[in-house]
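These are the structures, in structure tokens.
What follows is subunit A paired twice: with subunit B in the first complex and subunit C in the second.
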Partner chain A sequence: MTRAIGWAAPPLRALALILAISMIAFFCIRAVPGDVVDVLAAQGDLTAAQQAEMRQAMGLNASPIVQFLTWGGRALHGEFGNSLRFGKPVGELFLNALPATLHLGLLAFAIGLGLALTLALGALAAPRSPLPLLVQAVNIWSIAVPTFCIGIAGILIFSIWLGWLPAIGHLGLPAAILGIDIAGQLVKPLHDELRQAQAAPHVRTARAKGLHPLRIGLFHLLPTAMPVLLALSSVVLAGVLGGTLTLEVLFGLPGVGSLALNAMHGRDWPLLQATIVFLAAGVVLINAAAELLHRLLDPRPRR
Partner chain B sequence: MSATLLPADRVVRGRRLPEMLAGIVVVLTVLLALVGPMLVPQDPLAQDLLALNEAPDAAHWLGTDHLGRDVLARLASGARLTLLVGAGGAALAFLLGAGVGLLALAFGGPARVLVFAAFDLLRALPGILLAMLLVAALSPGPLSVMLALGLTYAPMVAEVARATHARESAADYIAAARSFGLSRLAVLGRHLLPNLTGVLLTFAAIILPRCIVTESVLSFLGLGGTPELPSWGRMIADAGGFAEEAPHAVLAPVLALSVFTLALSILGERLRAASDPLRDGAP
Partner chain C sequence: MTMLPPLGRRAALAGAAGLGFASFAQAQQAETPRRGGTLRIATLGLDTADPHRHTGSIAVQQAYVEALTSIAANGTVEPFLAEAFEVSADGRVHSFRLREGVRFHDGSALTSAEVIANLERVKNRVRGGWLVSAMRLAESFEAPDARTVVIRMREPYAPLLNLLSELWILSPNSPGWDDTITRPIGTGPFTFGDWRPKARFVAPAFSGYWQPGRPYLAAVEFDLRDDADFSLALRAGDLHVASVGRDKLAALSRDPAIRLGKLKDTNWFFVSFNNRSPRAPFDDLRVRQAIAYSLDKRAFMNFTAGQDGIVTNQMVIPGNVHFDRAMHDADAHVRPDPDRARALLREAGVTPAQRRIELVSWQESYAQVAAQMVTRLGFPVNHVALDDLGAQRRLGQYDWDLAVFSSGPRADLFLRYVRMMSDGPNPVLWGGVQDPEFDALVNAAVREPDQARRAVAYNRAWQRVLDRYYTVVLGHSQNVIANRSEVQGWDPGFTWACHWASGGVAQAWLAPRNPAPRG
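So, the complex of A and B:
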């Protein structure tokens, strides 16, 4: 019984969070002074009577709760409204922008994970080399140095001074910058966990058998550290999201971040609201999946 | 643990140098924010269209930007805003996370459930999205950004508050205080708080550089400082489009921001390591 509750809890929690986030997004956007009709009225001439009529027709006179329920009901059918500036359904705009964001995010994540694993295992295998110091350095670097600063410096060096890369529209530099950032968040907890795992009896046995340190690291230590990586996923995911959105804007990639920011500056509220709800829902669902996977990989009862 | 194998003086010297440099950087930046705007004669907003993108010289020590504004003057007034908003956000996060969190823990029951459910919700919403929502609902500006920083980092502080509170509450002296019939608030204020402040203040030092970085990201995206109030993030965004003509106007705020937050992080990490009894290299 309790096990069933344990398995059902993350999805239910995710649903509750998505609902709550949708409500927050809805009411924050409704709190913006001026509504759609004001925007349209500013663009074309509308008399006060026409404006009142439009408000009635769009349901803007109803109470906020009723408006939210109406929006939620439509959202469940996949209708999130139309963009004010582009006139297209916001879902379509979001899906058009998503591949660019996913490319950058996934590439950066792969680089970050690879770098973190290499560094952590390397530092473990050679504790007297400069590698453990590098683990610390990458960790502090990722906390302290904003990705967009490195991005600007990178553009200045590689695109303007050396002329090796186009200034905008390419993926390599932003992915590398974000990858190092992700590696910095992962590598220290991973290294700590691996060092603790070294004391386990099965690792001593493996060492006594004379196995190569790399083999011990990969096949005996790393599996015990996997749950840590999953536990970190929510922090890393938020970092990837923030970093991707910023770097997209900096490197002129047509992704979700550019979409949301343009919606924000262009006062395209339906688009902004939907983009935020979609992104937040994605983060919440991935975190719930990571929690379930964590439970599967690490059956020990939670502390 | 391996550090104990090295000669003692090498350990000390090797460990103190980065922290000394970091301390100097932090002091210089705070001075720049406090007295810089008074010492630099130029107006950070005054445009000089006859002196656009000028390289550093005697009149403009760090050159001018694409509108002919003095970069050093902007750097100094930007330091003021960046530090103020970043520190304000960290303070707000601390007040919400530790203040409200500890009160909820002391009273328990529905208050505790409700407050920590709210923190859970805030944690689920990535900070950058939260900031966009808040800025849309309020208006772009330093106050919205400060609020966004406070709400983004409060759950992290609350989590630390909850963990240390749970650890301390299990101690015998708390059971003794309770058995005397002290009220929950008195136990919290007189007995728990003195033992929690160290850990919580250390954590505040850890989130301060993160708040400053996040503030700059938000300003860079145009959600924070306004043209009248330059913050470093805003300066970088403004000058970024003219990086080819005036690299100095971009590099000055980029370097100032990176070096300052790096220095703050090194000091925060040192503080954490010093207060952590299980730190590496402990004798």
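So, the complex of A and C:
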């Protein structure tokens, strides 16, 4: 019974979290001044009477509570409504934007994780090589160098001067830039964790047995550092979902970040609300999956 | 009925030549157009699939929908889906002869019944926009035969021909016709393809287009991203045509594969007073004059548009039929006169240091230049720079003194005047003028069928704006459009439209890419 509750708790907690985020987001969004009719009017040619008529037709005059209940009722049936600005179903707009974000995010995460593991293990296996210095450098790079600066430099070099890559709509360069950024966030704590794990008795035993440093790193040290890596990765991956905005804009890969930003600028509440809920669900699911994986890999939380 | 050829409404605009920009047409090769290829354009966005429901500037939907009339590159109105049109002597009855052989993208033929269905839809089912206001002035829509449409207005309404250039004719079979159209079926050279709002729109060519042999391109792809810097994509060859900021011109002009041109109509820049509820001392004409004397129009335009900036006191530039040379030459504020400004303030009993000016603008650097000019009189200035929506709401509260803004190209001059009328749409940028006499002067111009007399009538209304200092025009600039050298047969138009009767994407084609070294 206790074990069943232990396994069921994370998904239930996740569901409650998504509901809470939906509610908070709904009322925060409504607190922002202006609505989509103001946006349309700012573009040019609506009289005051026409604006009033449009607000009435869009249901924007109802109280926030009524609007939330209406939205919530529909959302429970999987209907997130139409974009007030574009007249298209918000689900369709989100699904249009999702592939760009997923492709960029996952590719960048794979590059980042691979680079972080390679550097951390390499630096551990060859402590007198330049690799430990490289660990520091990549970490400082991710903190100090904005990705959009490197993005512009990358476009100038690879797209305009060399003509090797398209300037817009190409995944390789932005994924590499974001990947290095992710590697910088992961590599330092991972390297530190691995160095601490070196003092563990089972590692000392492995070394006494004369095992190759790389083998020790991969099979004796890395499992020890796995919980930390998992926790860090879930945070980074969740951040990547909504955090690719600058590179999306720069490289013409309109994804979920751009979608949310445009919905905010256009006061397109149904679209913004749905995007926040979908993103929140994504982040919560990633964290829940990480927690479950942690429980599988590490018996201690199960006790 | 004898249909007359359309009258020239505006003379060709002078000034574009000689400003350092090459004419696209001159630079293009005289070759046989090549077929195929996708033209990639980035100018403005596409906010709705329902062409009757647009409220702002538009540059994309012309690719797949057309109208009875069109605005030519020189600003004149020309026939489009109507091959001829006629206006009765009293200016109330507009008759249109439809072109033969025009088909919608679903294969059905265009007749007067479809045109009237579109007019009725805008009049009765669409909620917002100036087209709705214009259509509600119509007394009746008549179809004497399958190729003739007659619009009978309640009163003479001269802007109609120009305004109809943005009333797109769609097949009533378009999905969503009874509510919001989701997939427009038009008559344009390209069809409504894959639309991803704020991302891209792809329009494949229409094989049954009514202009023989056109379009040459296989498709047009629009980049719909807001606020993106398109200059790098242009230089890399990922875009063919794009509007670019003036800060990018230096780099683009060095690239041999890029040509620069300009939209023919202008953005006009102005400082407006709060006219709806002016706060002392800005309700005093002398204080308004003083502010106008503090503004250095040439310096402002140099900052905004470099040497291409056009300084005048009017809402059009030299060369436009509505431009009044005498009024321009009589501009008392063509040069700043701070001494005169201070004398006027003294006369009005105003001590500038004791009155803080609330100045509202968008988050644009040019507004700060105007603010600094006013500051030199000794006024403390609280400059509130807001985004589009913030500015819209703040201006609507009429709790400010000065507003520094600009406004873009329009299909007809009336669309600039109407914003200053008492019941005009979105009047806030011009301080919400409430002046029945000004309204009457504009309405007199609108009711005047004769072009020359109408220009005089409009200028009477404008003289009242100048006399009352409702707004002070700082000058004009033209949006810069860059295109790659492989784009042939295309030139920026009068408005943002990507397709019009005598130009645009139907006539454009792509030459083989020049392998010139990149700059």
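Just so we're on the same page, the second predicted complex is superposed on the first by the 252 of 303 C-alpha atoms of A that agree within 3 Å, B and C clash if a C-alpha of one lies under 4 Å from a C-alpha of the other, contacts with A are read in each partner's own complex, and residues count from 1 in each chain.
Note that in this section contacts are C-beta pairs under 8 Å (C-beta built on N, C-alpha and C of every residue); 3 or more make two chains touch, one makes a residue touch a chain.
Given the structure is predicted, the values throughout are model-derived calculations rather than measurements.
Once the two complexes are overlaid on the shared chain, A:97 sits against subunit C while remaining clear of subunit B.
Looking at the shared chain after the overlay, A:265 reaches both subunit B and subunit C. Contact with both subunit B and subunit C is seen for A:249 once the two complexes are overlaid on the shared chain. In the superposed model, A:87 lies in contact with subunit C only, and not with subunit B.
When both complexes are overlaid on chain A, the residue A:166 reaches subunit C alone and has no touch with subunit B.
Applying the stated contact rule after C-alpha superposition, one finds that A:156 touches each of subunit B and subunit C. Using the contact criterion defined above for the overlaid structures, shared-chain residue A:143 touches subunit B, although it does not reach subunit C.
By the touch criterion stated above, A:51 is placed in contact with subunit C alone, subunit B being left untouched. Applying the stated contact rule after C-alpha superposition, one finds that A:110 touches neither subunit B nor subunit C. Residues 152, 155-156, 160, 249, 265 of subunit A touch subunit B in one complex and subunit C in the other. Per the touch definition, subunit A reaches subunit B in the complex via residues 17, 20-21, 24-25, 28-29, 31-32, 127-128, 140-141, 143-146, 148-150, 152-153, 155-156, 160, 234, 237-238, 241-242, 245-246, 249-250, 260-261, 264-265, 269, 272, 276, 279-280, 283-284, 287. Every residue of subunit A that touches subunit C in the complex is listed here, in rising order: 33-34, 38-47, 50-51, 53-54, 57, 83, 85-88, 93, 96-97, 152, 155-156, 159-161, 163, 166-169, 249, 252, 254, 258-259, 262, 265, 267. Listing the residues of subunit B that touch subunit A in their complex gives 2, 120-121, 123-129, 132-137, 209-210, 213, 216-217, 220-223, 236, 240, 243-244, 247, 250-251, 254, 257-258, 261-262, 264-266, 269. Considering their complex, residues 47-50, 55-57, 127-130, 132-133, 180, 182, 196-200, 223, 225-228, 232-233, 235-239, 387-393, 415, 423-426, 518 of subunit C touch subunit A.
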